[in-house]
C-alpha cells in the first residue's frame, strides 16, 4: 500500500513536472516531448493503480499522438528549435492565477468531498479486461458505437479541412470554387 | 304627446328647418316663436288650476328626462315666448342688412327652444342640459359677427364665465340626486331637510354666473358686442334670467344661511352694477349693467324668502328690458353706434322710439302705475320683512335709487345734445316689436294679482305701505339725482373705478384666467420635465455605458483582473457631468442601451485568450457562488 | 488507502491547473492543444483513481476512460486539420494574429 | 345561427387577403374593396347590435378548440361593455376608409394594414380568451407601428418607434398578469368568462397582477405620467392613423381596465381603488391643463384625449369603490358611454384637424384665423365637434360625463374636483376656436377649399351620431346598462 | 437488443444518410448527394413519427427515447434539410458538396445524441461529434475569415469540452455510475455534484452559446458560410439545450442548479441583445440574437421538474426558433450581410420584406406567430416554477429585442433606389417553408402539446 502510494506520488510528480515543463521551454519540440513524458507518467500512474490495460493503452496512444504532434510542431511553429528564445505566451499573470485557482479548486473538492468507503482490493487484470469487454458490448454498446461514428466524423472532417479544395478541384477537372 | 312639448317643439323644429334649409329664416323663426307662444298660453290655461302636466322622455338609465308644466313654469314659458316672439319681430327689421341670416334665426330659435326646455324641465339632467345649451346659443349669438375680434372675445368670455360657474350647478345637481335618489326636481324639492348649505351655495354660484352677479358680472357688459336683439333676448327672459329662475325654483331647498348669502350677493350686485351703470358711456353697456343690477334685486327677494317677488320682478323686467334694448337697437341703427357721445339728441330725432324707451325706463325705475312699480315694491317689501333686513333693505333701496339715477342719466343724455340721424331700414318691424313689449312693460302690473293667486306662493304684503313709500321715494330720488347731477359728481372718487367695471385687481380674468394659464404652462413644463425624466433614464444608461467605454480594450482587460478598478470607474461615472446631449425621450434610453451594447461588444475582442479569460473568470465566480450557497445550507 | 486516492486526485487537480494555465497563456494553436491534453490527462487520472478506489465494480468508469482517450485523439486530429487549413490560408497558427473577426 | 361575431371579426382580414391576392390592382379597386369590406363589417356589427345582449354574462358566444392542452380556445362574444365598442370600431373604420380613399401612396399596403387593424380592434373587444385577447392586442400595435412609420409626417420613424417601444413595454406586464390568472385558475384555462365568474387570484398575487395590468392599460389609455408617447405619435401619425389610434386603440386600455383589472381582480381593485381614482383625477386635470397650453391643434386634441380618458378611469374607480350597485351601474354606464362618445368626437376632431393640415400644411393655431369664414362647413363642423368634446349637453360626451361625475360624487365625494376639467377643456377649445376659427380671415399660401364630398362623408356620420348619442343616449345606454346593472363584483 | 435497435432506427437512418451522401460524393455525383441526404433525413423524420408518445430508454438507460429526444428529431431533421438547401447555394459546383451534406448529417446526429443523452458519456460524445463536424463545416471555404473562425471555434470547443470532461469525472466519483438517473440518488458528496454541474454548464453552455461561453459564436457565424451559420444557430444549439434539460431532470434541486441556470439566462438574454443592438453586420446581429434566444430556452429549463409546462415549452419554442431563425438567415442569404444592403428591401421585394418582418416579429414574440406561443409557454413555465422575476427580466429583454430587430426592419422600408435580386429557388424554398412554419406553429401549437400537458 505504501509502495502504491509511493509510485502514485512519484509518477504523479513526474507527470506534473513534465506538464509544467511543456510550457517552460521555448522549444516546440521539447514541449512536445515533455508532454509525451507527462502522458507516459500518467499511464504509469494507471499501472501503479492496478489498471494495467488502460495504462498500457495510454502509453501507447500518447506515444503515437505526441510523435505526430512533434512533426506538426516542426511544420507550424515559427521557431521550432527555440533558438530565438522568444516567449510564446501572453496574459501570463492571469493564466497563472487561473491555473492556480483551477488546481486549488479541484484540490479543495478532492479534499473536502466525502468520497465514501474505499475499496482496498482491485480486481485482477484479466478480470478487468473481461469486464470492460462485457461493459463495452453490453450496456455501453451504443456509446462505443457513437465513439466509432465520432471517429468516422473526425476522419471526414480532418480530411475536409486539411486537403486544399483546389487540389481536389484540379484533379477532378471540376469548376474551381470561389 | 303631451301639451308640455308645445312651447319647445315649434322653435326647435324651426331651428332645424332654418339651419338645414338655409332660407326663409325670418318666416320660420317667427312661426316657431308664435306657435311657441300659443302653445305656452294654452299650456298656461290648462294648468292654471294648479295641476301639473308631466311628460317622460327616455334619458339616462333610471333617470328619464321629464318635462313638467306647473303654473309657474307655464307662466315663465309664456314670458319667454312673448319676449322671444317680439324680439324676433324686431330683429326682422334690425337684421335686414346682415348676411348669414339663417344662422341668426336658427340659433335664435334654438335659443328659445332651449330656454323653454329649461323652464319646463322637471328633472335635473334636463335642466342642466338646457342650462348649458342656452350657454352655447348665447356663445353663438354674441359671436354672430365672429370676424370682429371684440365679438369673438366677448362670446368666448361669456361662455367661459357661465360654464365655469356652471360647475356649481353640476355639483349641486349631483348632490341633490345623490340625496334624493332620483333626478326629479319635484322630488328633491319635497325631500325633507332640503339641500345642504353646500349644495345651496353651489346653486348660487351657478346662478351668479348666469345672472352676472358680482364678481362674475364682467362678461355681461362685453356681451354687447353681439346684435342688439340678441342682447334683448339674452337679458330679459333667457340666459341671464336662467340664474334667477333657478334660484326661484329651488328656493324651498335653501337653508337660511344660503338664503342670506343669496340676498347678500344680490344686494351687492344691485349696488355695484348700479354704480357701474351710472358710469357707463355706452347705452347698451349701461343697460347690461342695469340688468345685473335688477337681477341683484331679484336675488334679494329670493334671499328674503319671497321668491314670488323675485318672479314678479323677473316678469316685469323681462318686458321692460327687452323693450329698452329694442329701442337701443333702433338708436344704434340710426346713429351707427350706442356710445352716448353718438346718441346725443336721439330722443328728439326719433320720438316714437324714445317714448317707448322712456316709458320702459320709468317702469324700470318703479314709477307707478307702471309694472316695475309693483314688482319693485314687492321686492322691497320682501327685503324689509326678511331676517336679514338690516342688510338687505338698505341694499335694495340703494339699488332702486341707483336704478332711478342711471335711467334718468340715460334719458338725459339721449334727450340732450345732437347728432346725425340716419334713416333706419326696417323701422316698421322694429317699432312693432318695441311697442308690443312696451305694452306689457307698462301694464303687467295689472296681471300680478291673478298671477299671485295662481301660483299660491307666500307674498310680503304685510309691510306693504312702508315699502311702497320707501320704494317710491328711492325711485323718484334716483330719477331726480340722475337727471340733475352728472355721474362723475354723483359718484365722486368711485367714478373712475366704476368706469373700469369695478374690477378688483384686473378683474376675474386676472384672478382666474391667469392662474389657469399658469397651471397650463406648468403642465406643459411638466411635460418637458417628464420627457427629461425619460431622458435622464437614458442618461443613466449612457453613463453606465461611458463607464464601460472609458475602459477601452486595454483597460477593460485589467478590469477583469482587478475588480477593484470598478470603484475608480464608479468615481468617474459620478464626475462625468457633461453628458452628450440627446434630443429624444425614449431615444436617449435607446442610446444609453446602445452604448451598453457597444460595451458588450467590446468584450468580444476577437482575441480568443481574452475571451477565454472572461469565461474562466465568470465560471470561477459561479463556482464560488454555488459553493457558498452550499455552505449556507 | 484514502491517501492514495487523494494523492491521485491532487495530481489530477494539478494537471488540470497546469492545463488551464497552458490553454490560457499560449499564443499558438498547437500549444493550446497541449494544454487541453493536460486537462484531459487530469480527468483521466481522476477517473482511474475513482474507479480503482471507490467503484471498482462499475466498469462504466473504465469505459469513460476509453471515451476520454478517444476524445483526446480525435480532437488532436481535427485540431491539426484546422491548423493546416489555417496555415494554408494565413501562414501562421498564432492566435494573436487571428483577431479580424470581432465586435 | 349564423356565427355573426366571427364573420364580423374576420371580414376585414378576408378583405385584406383579397387585396393582397390581387395582382397589381388599381388604387380605386383597392379603396373600393376597403370601403365595401368595412361597410359589410359595419353591417355585421349592426346585426350583432340587433341581436343584443343578455343581462348577465356574455352573449353571442362562439367557441372553438384551439390549444386544448393548455385550455386556450378561440372564444368570442360580446356584452354590453364590448358591443358598443365593436360598433364604434366598425363605424370609425368605415369613415376612415372613406376619408383615405384619396390616398395614392402605396394604397394597397395601406388599406390592407388598416383592414388588419380593424380585425384586431374588433378582436380585442370580442375576445373571451386570455391568449386570444393578447394576440389581438399586440397585433394591433404592430399594424399601427407600420401605419405611422409608413404614412406619417416628418418625424414619423421616431414617433412610430417611440409608440411601439412604449406600448410594447407596456403590454408585456399584461402577459405576466394573464399568465398569473391562468396559473391561478383552478381548471387551468384561458377562459375569460371563468376568470370573471371566479377571480382566480387573491391577496398579494391579485395585487401584483392588478399592478401589472394597470401598467399596461395606463400606457395604453394613456394615463399621466405614462402618456408621453401619445402627443408625439398623434402629431406624426397620418390622419386616419390618429383617428384609429385615438378613436379605438385608446379604448383598448379603458376596456381592459374594466374587463381585466376590474372584473378579474375585483378585490385588489377595490383596495387600490383610491389610488386609481387619484390617478384618474390627475390624468383628467393634467390632460386638460396641458391641452390648454398647446398651440398645435393636433397636440391639443391629443391632450384632450388624456383628459377624457381620465374621466373613464375615474368612472371605473368609482364603480369599484362604491358598494351601491345602482351607483356602480351609473359609473360604468358613464365610463363605457364615454369610451363610445370619445371615439366619435375625437375621431371627428382628428379628421377635421387632418383636413386643415392637408390644406394649409400647418397645425399651428397662430397661423390661422377666421377659418369659419374661409371654410365655413369645415369650421362649423369643428365648432360642433369642439363643443361636443367640451361636454355640451345634447352632444355625445354630456351624458357620459354626467354619469361619471354623478357616480364619483356618490362613491368618493372628493373626486368631484375632476369636474374642473370640463371648465378647463371649455377654455381650451374656446381659445382654439377664438384663435383659429373666429376673427378676421387670413390670407393663406395654399388654396383653402371647403370640405369635399369625400371629407364630408367621413365626418358627417360621426357628427350625426354625436348628436344622436347626446340627444337620445338611451339607444346606446340600453345595451350598456343591461350588462352593468347585472354586474357582480 | 433488437427492441433497442428498433427504437434507434431514425438515428441509424441519419447515419446511413451521411454515409450515402459520402458515397455519392465519392462517385462525383454531388447533385444526387443532395437528393440522398434530403430524402434520407425526411425518411428519418417519417420514421420518428411512430415514436411520438414513447417514453422509454435503451441500452441500460444510457440513451433515452422520450418526448425531448423524439421532438428533437422531428424539429432538427427538417431544420437540417432546410440548412442543406441553403448550403446548396454556397457549395454548388464545388468539390466539397457531398462532404458538406454528409458532415451536416453527422453533426445533426451528434445533436440528436445530445438530446437523448441519458449518460454523461453521451454528453461528451455528442458535444464532440457535433463539434468535429462543424469545425470542418466552418473552415471548408479555406479563406482567411473562415479558418480564423474555425480556429477560434476549435480552441473554445476543445477547452470547454476538456473542462466539462474533467468536471464530469467527479460525478463518476460521487455516484459510481455514468448514468444521469443515478445523480438523483447522490447525497454523499454535494460538492462534487456542484463541480460537475458547473462543468456541464461550461460544456453545454459553449455548445448552446450561453453567455459567457458564447464568444466563438459570432465569429464562427460571420467567418463561415452563411448556411453553416444558420445551421449552427439552430441544430447544435437545440441539441445542447435539450441535453441540458435531460441533465437537470435528474439533478437534485438543492445543488442550486435552478438559480445557476436562471442567472445564466439573465446574462445570456441581456448580453445577447445588448451586443446585437450595435451590430451593423446582419449576420453578427442574428448571431447575438440567437445567443439571446438561448437565454429564453433556459426559462423552460429552469422549470424542469417543477412545472408540467417546462418540457412542452422548450419543445415548442425550439420548433418556433428553428423556423424563424432559419427563415431570417435565408433572407440574409439573398439580401446581403450588412444593414446597408437591407435598405429598401421591403419596397423592392415586398414578399421577402413581409417574410423578414414576420420572422423578426416572431423572434420578438409578437402574437400570433410561433415565437409568441413558445415564449408564452416559457414564461408560464418559469412563473409556475416560482421564477416570476426571471419572467419579468425576460419580458424586459423582449422590449430590448424589439429595438434590435427594428434596426433591420426600419431601413427595409426606407425609400432607396436599389436593385435587390430576387431570391434563388433554394433560399426561396427555405423562406417559404420557414414562413409557413412560423405561422402554423403559432396557430397550431396544440399538435405539439397534445397529450404532453395534463
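Quick notes
By letter and in written order, the chains are A, B, C, D and E; residue numbering begins at 1 in each of them.
Throughout what follows, contacts are C-beta pairs under 8 Å (C-beta built on N, C-alpha and C of every residue); 3 or more make two chains touch, one makes a residue touch a chain.
This structure is a prediction, so every number in the text was calculated from the model and none was measured.
By the document's definition of touch, common neighbours of subunit B and subunit E comprise A, C, D.
No other pair of chains has as many C-beta pairs in contact as A-C.
The distance from the centre of subunit A to the centre of subunit D, with each centre set as the mean of the Cα atoms, comes to 70 Å.
Between subunit B and subunit C, the centres computed from C-alpha atoms are 91 Å apart. The distance from the centre of subunit B to the centre of subunit D, with each centre set as the mean of the Cα atoms, comes to 31 Å. Centre-to-centre, using mean CA coordinates, subunit D is 42 Å away from subunit E.
Shown for subunit E are the residues that touch two or more other chains, namely 119, 121, 125, 128, 132, 135-136, 139, 142, 150-152, 155, 159, 163, 166, 170, 173, 191, 195, 218-219, 279, 403. Counting only residues that touch two or more partner chains, subunit A has 90-91, 94-95, 98, 101-102, 105-106, 109, 115-116, 139-140, 143, 147, 150, 154, 157-158, 160-161, 164. For subunit C, residues that reach two or more other chains under the stated contact definition are 12, 16, 19-20, 23-25, 27, 29, 33, 35, 42, 51, 54-55, 60, 63, 67, 74, 78, 81-83, 85, 88, 93, 95-96, 98, 100-103. By the definition given earlier, chain contacts exist for A-B, A-C, A-E, B-C, B-D, B-E, C-E, D-E. Against subunit C, in their complex, subunit A makes its touches with residues 1, 4-5, 8-9, 12-13, 15-16, 19-20, 22-23, 28, 31-32, 35, 38-39, 42, 45-46, 49-51, 53-54, 57-58, 61, 65, 68-69, 72-73, 75-78, 88-92, 94-96, 98-107, 109-111, 115-123, 128, 131-132, 134-136, 139-140, 143-144, 147, 150-151, 154-155, 157-162, 164. Subunit E contributes residues 4, 8, 15, 22, 28, 58-60, 62-63, 93-96, 99, 102-103, 106-107, 109-110, 113, 119, 121-122, 125-126, 128-129, 132-133, 135-136, 139-142, 150, 166, 170, 173-174, 188-189, 191-192, 195 to its touches with subunit A in the complex. Contact residues on subunit D toward subunit E in their complex (touch as defined above): 65-70, 109, 131, 134-135, 138-139, 141-142, 146, 149-150, 157, 161, 164-165, 168-169, 172-173, 175-176, 179-180, 182-183. Of all residues in subunit E, only 119-121, 124-125, 128, 132, 135-136, 139, 142-152, 154-155, 158-159, 161-163, 165-166, 168-170, 172-173, 176-179, 218-219, 222-223, 279, 284 touch subunit C in the complex they form.
Taken together, the subunit E residues at the contact with subunit D in this complex read 309, 312, 350, 361, 366-368, 372, 376-377, 379-380, 383-384, 388, 391-392, 395-396, 398-399, 402-403, 406, 410, 413, 445-446, 449-453.
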